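Chain IDs A, B, C and D follow the sequence of writing; residue 1 opens each chain.
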């Protein structure tokens, strides 16, 4: 059984320089209240692992605009001109990773696998500096696992065990990131009594979730 | 939109010597009517990829008793004395694979990954003949992907698009096997009109399912 | 008819009944407008839905149901939610029947470049590298030239998206089929001459005896 | 009290509030009987449920809700269904706080053998290799001897389950803690002497000055 905490209290757990996985795809399914609390805390030198850089004023874009970020590992940053500018000026280091590779690297980190063998990126710039492993006559890139100090995820329903369900395209990276953070903080739309979410509707078992945020307006 | 077919008609699709992934864990979540139709068809020289050998008279145990099987790739065969005897007599070749490795090998086959890097089995008999890959200072076994000619899976609800949901511990290997069969045949408990299963309750998207079996008693 | 509509209507003819199809954002997303509902095609958006439907009426949008460009969509009957791992598992595993993507360049080897212009624009590859590597069929939908320069080139000088040879390239001038021998000129756009296509193309084209006009959906 | 009950009651004391615990079939599954519900422990069965509950009353069993031995169970409030990929992802990824397994042999290096007796019994490793490799804490619950032979040996001659040193071994005679230096005799079972333990053990034991009696749940 887990109590729920405010975004402010959760943000206090996170120090400068932390690595954060943050769920969301173009800010859909991002933990916005958690992100606002991080911005208010004026953190610095964060590493973000996220699908994309969202847009200024939305999702992880708010942390980028606030100057809180030193490094980004993402698949796409094209809709955030501030991110582009900070990458070109050298304020933010950016590692671009194919989206399917990114999600598997996170899953591998969370599930104790040693890496990912993927054909994606072979013969492109993505291959540079990486090992190629041949299996049964086919070549694959060896991509390394990713973990983070914190995973900040957004969910639809939670119960006080920490079980989570997700809504439609707001799933995206959230269920996989819930596996790969040393501390996992979930921001649900609603929190229901234990036993209300049917076992078959749970997509992230509560054992993975360390903290729940209180609902909005509470 | 997919029509549903009888187990007998589905069994006709499967030739002697085919490789079959069959869902289930100790026969819980196994497609029993499909298996009965295969037994009735007197198939020979099948390769089975399945978690376990079930028991005589249940799940894949029925195919083993019927002499239909030449090769088994599984994690556990301890509750089926007939399987043990046939392995010792040489009638059936058996490759034993740690359960977590087995499910990841199937997932890798279904998801276009080149293999699995796992610490499980290092320094044991499972390591024999396999490559060891070092990643960031840790050693992992390289386990190869698995695919099959057919995946025969059991589900709870289906719709006529082929979307599937599963019940409790009858999930087990079924959702992963649905990714890795060249032809996927699903045996659902019930078939509902399209639109009845909420998108968030679908665990196997219909695009993966080639054939549905009619409900029992139809 | 403008160039984009023409391209979308030609690409739509590639889509067969029951396919699972991913349409990239921008020009490729227009293709859906010309695919009859009766085909029972499911559109996938790689951010996590199979069974993408039209934008809902004003005020009925949901923040949790968008396409890969972040635009509001609906879900058709029989739709399924998937997370990013399943989404790219389907793509990489060959379960996606077709992807339609935009392009910056395609070359004589049929290779696509569409994710980076060094020093100018680095949006990132998003899902494009997985889509081009994994989809059963890859169709590039793009304008033939940009700023007076042909986008159909001898050899891509922009960073590649994949080594994989794409299956079809559709522009407002032509449909091109990359083969082991080179780029075959498959069809002309309505009213466009062979000379116009050759003049607008940097790559060498293989031109069969007869080059029919495109049919459009 | 018989040997199995004693072992189960000692192992139960290892379990802390809020843990996720996997109990193997057979002897280990008895441990659940001695863990107070107030601890809020979730039991996982690797076939696919977190929040395993007691066997339902006769006639109220469901064929789709069983433990890893195929026995009927119920689901406690807050239970979650998981497929085999998630189940072993949790195990391999270190999210499982403790696993309790039976054993055929444990040796001085703390290595477990529990899946094969060559030429006699080849049940297969099932989930055991992943559990021993991945769980945060591995407890072996087994009888001290079988057919007059010690199961606590100098070096396993049966095939290993993992190279990983297990964290605790509980038998009806003793609790042993494998360390880098060797097997430490942590506790004696009630009324059992050091000599009895030594006589029943093939392995060399490290014996501290004081070896207290076990406390049981």
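Everything that follows uses one rule, which is that a residue touches a chain if its C-beta (ideal position, glycine included) is under 8 Å from a C-beta of that chain, and two chains touch if they have at least 3 such contacts.
Because the structure is a prediction, the values reported are computed rather than measured.
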item	value
Least hop count linking chain B to chain C through chains in contact	1
Which of A-C and A-D has more C-beta pairs touching across its chains	A-C
CA centroid of chain B to CA centroid of chain D, Å	29
Between chain A and chain D, centroid-to-centroid distance (C-alpha), Å	35
Computed distance of Cα centres, chain D from chain C, in Å	55
Chain D: positions in contact with at least two other chains	49, 75, 81-82, 88-89, 92, 134
Numbers and ranges of chain A residues touching at least 2 other chains	104, 107, 112-113, 118-119, 166-168, 199-200
Chain-level touch network, classified as line, ring, star, complete or other	other
Every chain pair meeting the contact rule	A-B, A-C, A-D, B-C, B-D
Residue numbers on chain A that touch chain B, as the complex places them	104, 108, 112-119, 133, 135-136, 138, 140, 142, 144-145, 165-168, 199-201
Residues of chain C that touch chain A when the two form their complex	45-49, 62-70, 75, 81-85, 87-89, 91-92, 116, 121-130, 133-134, 159-163
Complex contacts: residues of chain A adjacent to chain C	25-29, 51-52, 74-79, 84, 87, 96, 98-101, 103-104, 107, 118-126, 156, 166-176, 203
Touch list for chain D against partner chain A, complex	20, 40, 42, 49-51, 75, 77-82, 86, 88-90, 92-95, 134
Chain D-touching residues of chain A, taken from the complex the two chains share	1, 107, 110-113, 159-161, 163, 179, 194-195, 199-200, 202, 205-208
